[in-house]
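By written order: A, B, C and D. Residues from 1 in each chain.
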Amino acid sequence: MTSKYRPTLPSTFLNMSQPNTTFPRLLAEHARRQPDAPAMREKDLGIWQAWTWQQVAREVREMACGLASLGFAAHDNLAIVGANRPRLYMTALAAQSLRGVPVPLYQDAVAGEMTFMLEDAGVRFVIAEDQEQVDKLLECREQWPRLAHIIYEDPRGLRNYDQPGLLSLEQLRERGRAFDAQHPEHFERAVASALPDDVAVILYTSGTTGRPKGVCQTHASFIAAGRGGVESDRLGPGDDIMSYLPMAWVGDHLFSVAQWLVGGFTLNCPESSETVMNDMREIGPTYYFGPPRTFEGLLTSVSIRMEDAATLKRWLYAKCMALARRVGADILNGAPVSALDRLRYRLGDLLVYGPLRNMLGMSRIRVAYTAGAAIGPDLFRFYRSIGVNLKQFYGQTETCAYVCLQQDGKVKLTSVGTAAPGMELRIADNGEVLVRGVSVLKEYYKRPEATAEVLDAEGYFHTGDAGVIDSEGHLRIIDRAKDVGRMNTGAMFAPNYIENKLKFFPQIKEAVCFGHARDEVCAFINIDYEAVGNWAERRGLPYGGYVDLAGKPEVLALVAECIGRVNADLAAEEGMADTQIARFLVLHKELDPDDDELTRTRKVRRGHVADKYRVLVDALYGGKTEQFIETQVKFEDGRTGTVSATLSIVPAQRYPAVRAAA
Amino acid sequence: MFYRENGQFKTSYRADLALFPVAQDRWAMLALAAVAFVAVPLLASDYSFRAIFIPFLILSLAAIGLNILVGYCGQISLGTGAFMAVGAYAAYNLQVRIDGMPLLLALIGGGLCAMVFGVLFGIPSLRIRGLYLAVATLAAQFFVDWFTNRVKWVTNDSSSGSVSVRALQMFGFEFSTPTQKYLLVLTLVVIFGLLARNLVRGAIGREWMAMRDMDVAAAVIGIRPVYAKLTAFAVSSFIVGVAGALWGFVHLGAWEPSAFGIDKSLQLLFMIIIGGLGSIAGSFFGAAFVVLLPLFLNYVPHWLGLAISTATASHLEHMIFGALIVFFLIVEPHGLARLWATGRQKLRLWPFPH
Amino acid sequence: MNARAMDLPPQAAPQGDDAPPPARRIGESILEVKNISLAFGGVKALSDISFDVREHEVRAIIGPNGAGKSSMLNCINGVYTPQQGSITFRGQTFRHMNSRQVAEMGVARTFQNLALFKGMSVLDNIMSGRNLKMKSGLLAQALRWGPAEREELAHREFVERIIDFLEIQAWRKTPVGRLPYGLQKRVDLGRALAMEPQVLLLDEPMAGMNVEEKQDMCRFVLDVNDEFGTTIVLIEHDMGVVMDISDRVVVLDYGRKIGDGTPDEVRADPEVIRAYLGTTH
Amino acid sequence: MGFFLETVFGGLMAGMLYALVALGFVLIFKASGVFNFAQGAMVLFAALAMARFAEWFPRWLGFDSAVLANLLAFVAAALCMVVVAWLVERLALRRLVNQEGITLLMATLGIANVLDSAGQLLFGSATYKIDIGMPKDPMIVLDKVFDGGLLLSKEDMFAAVLAAALVTTLTLFFQKTATGRALRAVADDHQAAQSIGIPLARIWVIVWSIGGFVALVAGVIWGSKLGVQYSISLVALKAFPVVILGGLTSVPGAILGGLIIGVGEKVSEIYLGPYLGGGIENWFAYVLALAVLLVRPQGLFGDRIIDRV
């Protein structure tokens, strides 16, 4: 294993922040305790520009005063739209300093969605990253005229905009300095007045169904959540984290704001979306978070690149990975491994694992987390076996993404870990997971009835996930509770459970299974264009674009094989045998958030998909062998077109149920 | 494979523009330096100093000089031998005509004279391009050959036409043993190497390369051809001149004009082409190749236990040398430096192929 | 390097970022071409061409292939010396000047078929555009003496702003030869911008690009014009582009000027129409 | 006066030989874009072959007609040069297409190395003589015009005539014959040449063979004057200034250049030499060429370069 240095942080550091505090106060505390330590870095103009805690505190103060000068006051909401830029994180703190509430929004949301949230949250102040966002917001303003102030960070191209209420962040800070001079005590007073139970942030749930809801989380709960993570992984100054996931997403808020302010480590923002991988390689974070999709993407690119390698290298790689699969995870868990194997592993580490981690930018990683969706066992094992301490946690926007996490040394592949400090779990009779504790939401913004639905009298939050808790207290999530259906055979049908198994194959990008109230399970498959494309090229199989590739008989065969393997799995699992996939078809287009088929967090909107592709579903169950379909698609630039194809329906290999005992 | 670049992020342009931005490279260079300055002096034999290390180093220096002109500025020169000669003879005259002239000053003086001479013969390059210029530079070669042969004053009226230098001393210290000479040369080469490196990665280096790659565009962005080309000639011939002086003083000790004939010019051109145009490191590779290969080739027969006349042997040696050059140009026209660079890149990307 | 140091040292400040916004109002004539004639041996490339360029405007030169458009630019920045005629820049009149003078007066140029320094990285190519402004001497550079290094660093920072402006961060250290054509065009523009030009001559900046690349390039050209108030002289084949972004248009045909005016005027001009009939544009 | 004219004549005659060798360069450069540094080595190789074969054939075949021997030897040597040309194309050129000019030049340097040593390995490295029965005795002409007349070496005359003849034939060959025109086509534009279906490889072999043949003739002439030995390969160095003076791509340039250099060199040696300590013809040619290039960078007849951007 390469050097995994642990920052030796004074024990005072963690319990420094007394339980009832707020983010602005934590910031002030860091500015006092470690004024010159780097708080944030951003790769800008080719190098890593750094802000010390002191500088962050000062800029936040300037911004806050600037906002105040514009009349931003307690309980006002400040929308933030943009990529992960240090100054955007600062604006969030600025709002909180004034007892206001930051409302980060997804930057890739189209004007319509954005208008809804602006209206819903009654936003009058918004921080926008650049011209693109400003243009969008100006469009929104036509629906929502109360949007008074649009403050932009990057003035590029905005020089000649004369719309009212436009202001650059620079100008805001200038106003702030002036305002501060006139009302020197305003800032402190505002910070002091804030209470731990004030709402710290409103995060909009992507909402697999219905309109997004604004989740109100208090300083107290987010800080508690943050501290839980920080303590169990001993994070602190000297640690580096990469902030590259949407600010509007609860995970990023937990890692890049809550844990950052509790732990006092360093936030690193990439230079641009194209350079994330490279920037990650430079920084070499010690603490990393990514949804399974990211890890999957990385692994796919690894296998693709290795396939072009020279034979000898491929042989070496194969050998080493075999060894890693055998002993790697155990070594990481500190389980007993023979001296010889340890030696072998050392060698492998020198030749393959080490360099590989280096290429992935994971050489320095002490802790890496994944969550948001189930992660494939192979995928999970891969990272742990090459010495990346990848762990899972479990939570929702409503719980600050903080319910369960896997403790070092107690990592089970299938589970999402044990109840996190300060949280308690319960499984309802219908199998739904209920949680109570520090991180549970205060309320949905202006939605008492919605709040009532999920928060019961005892203060339990209904996660909507179906799961089981094993003897050691590890929680295992099976599916969305509401998605769990019953087949006519009476068997329980957990679509996501099956779909995830499918998605663990690099060739399969998305899958949608149907089976509720039916005799058999059938599936839509989305191939992974890159992986399958490569596969095709290596076989010298010519294809013209996605639609053509998806239709190739060879590809169908490939997919059929994957499905066969999944069916074999299912057959072996108790009560799942009946949910083996009978027939499938490979979709002619990628499911896409822009076509409302996926949520912004890329969860399948199964209801919507079912309606949209009704004909296909009917074809699947109607015993047809192929079906013509034409679909509308939205392109990046907003134009729309249609794609059409005739999809063939393929039966899959099924297996007799195996008794678990056998 | 040995690169671990995570966490080596740059927070300032100074760090980003450092000579060796990657830590692993820095260590490697340190190790190399340690070997060159400590291990070699302790272990190497006098013969190896005379036959390998000293000529290798001096030729590397000359190659660096030539590379600046040809590789970076794109001005082909076939007259390098002449510039070396000027350096050598100038240094010689400084030494014999001025008593107690410190070695270093003599060398530098030699370099400066070569520089003047170089600028003089560089002037045509402002009008003449490419192969025309290449051939034109032969004028310098033959002129100097003739000059050093015919003008007695140059050789301090030595009857034989050959000159021999006095003891190499500087500030009272005398470089007598091969080891001392080696260390002297090594130090100079390292210093000049670094200076050259700084030049080529700085503003002037960009001007040179701009002239080389696309002279019209260079002019349009305000680069003066006169300045760019003449500085290239000046710097190049200064370094070459110093190398020439070292060659005469340290390696040969006593020499005749033929020591700096056209063969030397061509030999140096070989070095930078085989080593790699436009690469300081390449200059070293090229020199190593040209110095070691012949040694190697005339050992081969012994190893194979073949008894062949020395004449035949030397012919064979020439033949193989020529053949190898063609071979190299075919397999890697960009020279050993390119091979090296690709190798390094592969190590950085390991285990990925690209 | 910290947040504060991100504000530029004055000498390297680009005209756009900190300077008061130059609203894109057209100013006085900044460059005037009078009766230029140019011939190679017997071949007449340009005969008696005159036109003027006003400050802050986007001025297009159009015409069929071989109309002498590029030769016109080559005369303006001193690559060719016209046999007759003169060029007036900011009141000074020149009969023939060398490229260096032109560059010093703040005229930059991009090239029709890429004239990048193929042996250098993106960074170095753009850096070379700063050389005009770099002062330190040979010895200082050899030693990387304080001032010399500081100069290098300051200009590097300026160049980084251009890289940022052109959105080519991901290719900073790639040898230009390896870049796709569209990006090379951007680097070419970057090198010109590095000179902080007052007048920017663009020789078919969009030639051989796909729609998307053309849109980007248009955006950059206009942004340059807004942000830095740079005057732009543009040769372009794509009529759509020309008509969209240029304020006034000169039309050349077989080395003669056959039209001059706003896009609409030119579009209406019968002689222009005739010249374009049968030509594929 | 008479003496001056003698000098000039001498120059012209030497010049014809320079022209001959220079022609070899130009042909090869035009057709394959290679600045052939190996020309000198080819001269040496050819001369050695000629000299030795002329010595060996009688012994092998047991006859003793000098004429026949020379004839056979000449043919054999010529064949050798064709083989050389073929090998060069096979082993080097075709693998180096589209390389920088300097890389090609380096390659020819390598080839020169090989030829030099190969030649001496095969044919021996002593000094040999070629006797094709050139008249050795001098002759007096125009004794009516000047008293004493002009003293000219018949040998030189003979050589000059020979060279002149060869030059003319080659020029004709290039202007008139189909192959010749093909060669010119290649010279002007490789792609074009290929597109009209001329196999580049064959062209190169032919051109290099011609180059070899030229080298052979030069070698014979030189050899019979000074004897065949390594130093003969240096004659190439004489030809360089000629080529650039005339223009790398111009046949007439080569010829005229040759004459100019020839005369200039002799005249300067005699009228300037004494003041400079003699032996100046070694560099004078170059300085002369340099001077001309400063006025016309592309040489007297080279194609003009226009910067296109």
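Rule of thumb we're sticking to: a contact is a pair of C-beta atoms (placed from the backbone, for glycine too) under 8 Å apart; a residue touches a chain by one contact, two chains touch by 3 or more.
Predicted, not measured: the structure shown is a model, and the values here were computed from it.
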Taking the mean of all protein CA atoms as the centre, name the chain whose own CA mean is closest to it. C
Greatest Cα-centre separation from subunit D belongs to chain A
Looking only at C-beta pairs that count as contacts, which pair of chains has more of them, B-D or B-C? B-D
Using Cα averages as centroids, what's the distance between subunit B and subunit D in whole Å? 33
Between the Cα centroids of subunit B and subunit C the separation in whole angstrom comes to 40
Subunit A to subunit C: how many Å between their CA centres? 45
So, in whole Å, the Cα centroid of subunit C is separated from that of subunit D by 50
Check: subunit B positions touching at least 2 other chains come out as 11-13, 16, 216-217, 220
So which bits of subunit C are touching at least two other chains? 1, 79, 111, 115, 156-157
Residues of subunit A that touch two or more other chains: which are they? 46-50
List of subunit B residues in touch with subunit A within their complex: 1, 3-13, 15-16, 349-354
Subunit B - residues contacting subunit C, complex: 11-14, 16-17, 195-196, 198-199, 202-204, 206-207, 209-210, 212-214, 216-224, 231, 235, 278
So, in the complex, the side of subunit D touching subunit B is made of residues 35, 91-92, 95-96, 99-103, 105-107, 109-114, 116-118, 120-121, 125, 237, 240-241, 243-244, 248, 276-280, 282-283, 286-287, 289-290, 293-294, 297-299, 302, 305, 307, 309
What residues of subunit B sit close enough to touch subunit D in their complex? 70, 76, 124, 127-132, 134-136, 138-139, 142-143, 145-146, 149-151, 216-217, 220, 262, 266, 269-270, 273, 277, 311-312, 314-319, 321-326, 329-330, 333
The answer for subunit C against subunit B in the complex is residues 1, 77-79, 98-100, 102-104, 108-109, 111, 115-120, 124, 127-132, 134, 136, 138, 141-144, 148-149, 151-153, 156-157, 191-192, 195
